[in-house]
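Next come two complexes, and both contain chain A; in the first it sits with chain B, in the second with chain C.
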Partner chain A sequence: MHFVVCAKQIPDPETPPSAFKIDESTNTVVPAQGFQPVLSQYDGIAAEAALQIKEALGDEAKITVLSVGAESAQAAIKQVLAMGADEGVLLQDDAFEGGDSHTTAKVLAAAISNLGDVDAIFCGRQAADWDVGQVGLLVAEELGWPAAILAKGVEISDGSMKTTRVMADGFETVSQALPAVVTVSNEFGEPRYPKLQQIMQAAKKTVTTMTHDQLGLDPSEVGSSGARLKLEKLYIPQSDSQVEIIDGETPEEQATNLIAKLVADKVL
Partner chain B sequence: MAKNILVIGEHADSEITATTAELIGQSTRLAEGGLVSVALLGSSAADATQQAFEAGAGKVFVNDDDGYTEYNSDQWVAAIESTLESIDVILVAQSTVGRDLAPRLAARQGTAAAMDCVDVRSDNGEIRVTRPCYGGNALADYSFATSPVIATVRAKAFEALPLQSGASGEVIELPAPSESRTTIEGREVAEAEGLAITDAPIVVSGGRGLGGPEGFEDVENLAAAFGSNRAAVGASRAACDLGWYPVSQQVGLTGKVVTPDLYVAIAISGASQHMAGCSGSKMIIAINRDPEANIFQNAKYGIVGDYKAVLPALIEAVKAQS
Partner chain C sequence: MADESSIQNNRLQSQLIGKWWMPAIALSLGGLYLAMQFSSPEGAGRESFFNVAHPWSVYVFMASLVSLLVYGLVRHATLWRLGKDTPESVFANLPHRLKNVFRLGVAQDKVRRDRYAAVMHWSISSSIIVLTLVTAQVAIEDDTPLNFLHGPYYLFFSFYGDLFGLIGLIGVGMAMWRRYFVDFSRIRWDERPEDHLIIVGLGLVLLSGFFVEAFRIEVTELTQYPDWAKWSFVSYVLANFFEIFAMNDNQILWSHSAMWWTHIVLAFSWLALIVFTRLDHLFFAPINAFLLRTDSPGRLSTIPNIEEQEIFGVGYIQDFSWKQLFELDACVRCGRCTDVCPANIAGQPLSPMHLIQDLKGHLASVGPSIQKIGNEGGDTRSVSPISMVGEVIHDETLWACRTCGACVQECPVMIEHVPTIVDMRRFLVMDEARLPQTAQAALQNIEMRGHPWSGTALERTTWMDGLGDVPIFDGTQDYLYWVGCSGSLVERNLPITKAVFRLLKEAGSSFGVLGQEETCNGDPARRLGNEYLYQILAEQLIGTFKEKNVQKVITNCPHCFNTFKNEYPQFDGHFEVFHHTEFLNSQLQSGALKVQHELPETVTYHDSCYLGRINGVYDAPRQILDFVPGANVQEMQRNMSKGLCCGAGGGNMWQEEVGERRVNHVRSEEAIATGASKVISNCPFCIQMFEDGVPAMHPEEVGRIEPFDVAEILELAVFGNQDNLEEITEV
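Take a look at the complex of A and B:
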């Protein structure tokens, strides 16, 4: 078996709102001082799902990590390698920049076709920066494979993938023939922490880099040239709410004063 | 410029969902003379058809075959694709259905879907959307380089139109369910008993600052004081991750998005991923020991204090008022 984990490096989502800044001339987020970019946490959970299945198969599976990103995204790939993945490929090219979900999926699908023998693809439910949640499905569409999103459980056996999906009101179990794509949700559980020895081994591994040429992609169909959604403006919303702290000498007084406000506002 | 708009509707118990009515309402505003159609699939879809007309639809595509009742992507994609001749804009809720259907439709149609939009508007005839990103820290405005435009939309982003009783329009039968690569093996409903958190006009939520699962007893008592038919209990991701409260009640980016009239945040710091799940509330009240907590930035009223002292007093005051 050969599994692919798609991993994205993102600005640390734990950056406090006060340190979150946007450069409005380029519509990009300004890296916050003191916060290193991280592996999108849902992708870590996707890697955990792939690793658990590999272990259930008695290690009879190879896991390749793919990331579309800049040179720095090697760190995200190495983190998944340290967790236990076998190989990493960074899809890095100026031509990939300024893309959207569609162009990212196109690059990933080209790399997966290039690998040739992939049985299942594991993605996070969404990247924790743009919060979109389409790349997994779009990779599946590019490849013509079935896909299940928002998994809290995944099993692979006898050429099929069984997924328990998180629904608004509960869970749904579906099965699909391999090769298939799954996007994994936070309900799956926490990813493992690599041991120091694994981190050191991963640091020594070579991450292959591939460009549009090697993937057989035309620059016009990827990055900003191929994007179908155009980002017009990225901005920080203005909060129009000015909090009114409720006075009172005692909790009872505060409570009574608050209820009086709610009644005056016709909320109660 | 007139636009023909398709709303991919959802319905339960013969009634279209509130979000479906909201999307029909906004489509009518955006259509500028174009036709607003609604697609309805699954058992009781035929019964919901009349409601779609009363909510403002001009045409309804329908098939109430029971095979469509549980959403199955291949079947729904095939059915919706058969409606798209001359459609310029497709709107669907950011729901279990919309999250799955919109990207797939976009890929098949050679276009893009904008996910989880809080606004869809016409800017000199061109569709623009706004969606939150970076855990609610930022908003992004997008235009589309391709057609049709596809957007999934958050609940309560738009107002529904007043119902026009007796309204009618053209009904077109959709094809029967196709083959699917996905077999649905089973479903399990795991919602907490009582009022759904996404429907409740009042949501009372607790966070990590409660210090333990026992803190949720006070939170539940406050909800009960507001009335079990009006108020539901929510929890922050931190509280759910610690196992203090069921994940089904989690409010936030990866939990439920709630838009009640009143949201009471108790011992919740107000991380942006939490605010993404409650910032659409009409009014937010914060109770927190830390006067610097981010939640106060988003609240209309705040009480700075220990919930252990404030909640019992607040419960009595709510009871005295009702």
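Take a look at the complex of A and C:
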């Protein structure tokens, strides 16, 4: 068995609001000083799901981590390697920059086809920076594989993948034939804490880097040139709050005044 | 003003306890003087083995005892030898170690921390030592050409023999009182049959000794030399009492002989208990005093060349050092450690005594097989059918430890529980990656963000808002003011950081801060067991310090203080480190800081473990409070070296507590009980624990005790109330 975990490196979601800056002229996020980018939390959970299945299969499986990103994304790949993944591939190319979910999926799908014998792809339910949640499904679309999203449980046996999906009103269990794609939700559980032995082994592993040439991709199809989604404006919303104390001698009177006020402001 | 009387009282009492045995010595010397003055003592003396057939049999007993002792020692030593080498040589710093043997082994400094036990234990131990010398003298008199047991010395000899026999009986009586007649639980937490054997046995040995002497006196001295007999004052009384039975000489001689044999058999049997019971502490306690680390108790051992290791922590008994294995045998199950353990006090799953005993039991059960397999060159790690960490010692037991050092402080046989616990945590974290979710989150946050405060909305420079020009350390200033993660990233602690900053400025000190460049110094990682992460952080920060030419550091936090002061030297980081209370106190003493405002309040002071017990800084914070006019310090029941942890130490700041109560609730209750209006501490963790614990224990907001840092109090005393402060800031 060969599993792929798709991992994205994102700006630290815990960057304090005061340190989060945007360059409105280029519509980009200014990297906050002193805050290193991190592995998107849902991708860590996807890796955990893949690792648990690998263990259930008696370690008879290989896990490859794929990431589209800059050189710094090596750190995110190493983190998944430390958890127990076997190999890492960084898809790094200027041509991949400025893309959207569609072009990212295209690059990932090309890399997966390149790997050849992949049986299952594990993605996080969404990346914790833009929270779009489309890449997993679009990879499946590119490859023509079935996909299940928002899984809280995944099992693989007899050539099929069984997932328990989180629905608005409960859970749903679906089965799909391999090869297949699953996006894993936070309900699955926490990712593991790596053993030091594994951290050190991961540090020694080399992460392969691949560009559009090696993947046989036309630069016009990927990155900003291939993107169908155009970012019009990126800005931090201004929020404003005003407090007004409602007068009144008794709670009843205060309530009456509050309602009058709400009606006057057309809230009610 | 601090509650002088209670502190003074505490110190005076411990000094007095230190000298309580002086009356015994004085009494003996008085006896010697009187014996010298005795009018006609020339003939005084006695036959060494009076009325004893086959006195040589004593040497048979003696030889058996020695063989037994050697057998016991070898049996123990085989098990100790399973352990690894100690991190530092046990012969390094020899004078200090010899001093420890005297101070902690012979003078029993730690035993004295429980006053009743001090008197009881010294009575028993001094009695055993003196009576052994008495017996030895009889043997020398009898079996060597030396003859000295006659004349005045014989009388003196009779006197102090009886005196220490009596002292021993008093000690036994005190021990029995605690064990059988009063509700004194800690010695019964792990009570075993041998405990009764030891105490009752010793009582019988001493009593039978007096009986033997009394029967002899009745025949040889009572009527013939009553002036001599009186020197053996206990037996003299006893012999007079025996006169009631009006036995003839033959009967007395028969009783004497029977009692002599009883005494000998009892005495040697009792001594044999050394081999089989906790009585072995007679030797192991002074030896462990010798083995006791000579550096700071706030320093954990490093793992050298960590990247080349295969196993990082201690998950198998043979991975402890031989000293750690030796310690297990020194434990006497007195329960003092568990009695003061904050986790145990709060009903959480840790008892240091049981931890040590469980490890000892595990060593005894698997040790011999490990030794055998090891000799055959097999895999010793697969010998134990159960896992030491997890099954013998449960995970939650290890996580409940606050590393507060109270157990180590109290242990009368100098066991160091904390390093042993952290060694097993290292196994859990680095080898097994098995740790509570919350601890994991804190560690990952340190890895990813360089601080343990996951979810903080603050930046490292937020505290500087409104303070005007904050100097950044550039190597030209004298001091680096180290704010720390808790001082900058936790809302509650910002006023403390600001207070220290304002006071340093007011004192005219030359200092700077690192601001954005500060990063976790690794303390939480090390205490939680991730030594690897600690080493990375420590080496990084030491590099930064050296690069910026940092020489002297003032810290907000006692944990940072301890790490810089005691642990960074392990990585060649040598800095002069001050806690803010030490530095501010020196500024008050020199007059650089002047207190101008009254604070007419009763306050209580909480010693943080890492400033107080572990680094011995008890006075500086109290002296600052002494400077505050009107402040009246009401000490808590547990204070100074006996202070109770707030509950946050050892990485427990970031863990869910398991057990009946929370430690901070217990400590908050103790603070509330003083009736003070403020509880003052010196540690951002303690303050946070009180902020959380006080409202839980005192839901009514009115009259609730307020947690304050020493610096915040001093700020009020120097600058007045908050309104004044804002004006100062604006200027």
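Heads up, the rule we're going with is that the second predicted complex is superposed on the first by the 241 of 268 C-alpha atoms of A that agree within 3 Å, B and C clash if a C-alpha of one lies under 4 Å from a C-alpha of the other, contacts with A are read in each partner's own complex, and residues count from 1 in each chain.
Here is the rule we use: a contact is a pair of C-beta atoms (placed from the backbone, for glycine too) under 8 Å apart; a residue touches a chain by one contact, two chains touch by 3 or more.
Remember, predicted model here, so these are calculated numbers, not experimental data.
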item	value
First (chain B), second (chain C), both or neither touched by A:L231	first
First (chain B), second (chain C), both or neither touched by A:F35	second
Partner chain(s) touched by A:E244 [first = chain B, second = chain C, both, neither]	first
Most chain A residues touched (candidates chain B, chain C)	B
Touching partner for A:M200 - first (chain B), second (chain C), both, neither	second
Touching partner for A:G170 - first (chain B), second (chain C), both, neither	first
Touched partner set for A:D12, first chain B, second chain C, both or neither	second
Touched partner set for A:R192, first chain B, second chain C, both or neither	second
Partner chain(s) touched by A:W130 [first = chain B, second = chain C, both, neither]	first
Residues of chain A that lie at the interface with chain B and also at the interface with chain C	16-17
Contact set on chain A toward chain B in their complex	11, 13, 16-17, 20, 22, 29, 100-102, 125, 128-134, 137-138, 141-142, 146-150, 162, 167-177, 185-187, 227-237, 239, 241, 243-246, 250-252, 254-256, 258-259, 261-263, 265, 267-268
Chain B to chain A touching residues, read off their complex	70, 73-74, 95-96, 99-100, 102-104, 106-108, 111-116, 128, 132-135, 137-146, 181-191, 196, 198, 247, 253-254, 256, 261-262, 272-273, 276, 282-286, 291, 294, 296-305, 309-310, 312-314, 316-318, 320-322
Complex contact set, residues of chain A against chain C	12, 14, 16-19, 33-36, 38, 190, 192-197, 199-200
Of all residues in chain C, those that touch chain A in their complex	307, 310, 312, 429-433, 435, 437, 440, 443-444, 448-449, 454-460, 462, 516, 532
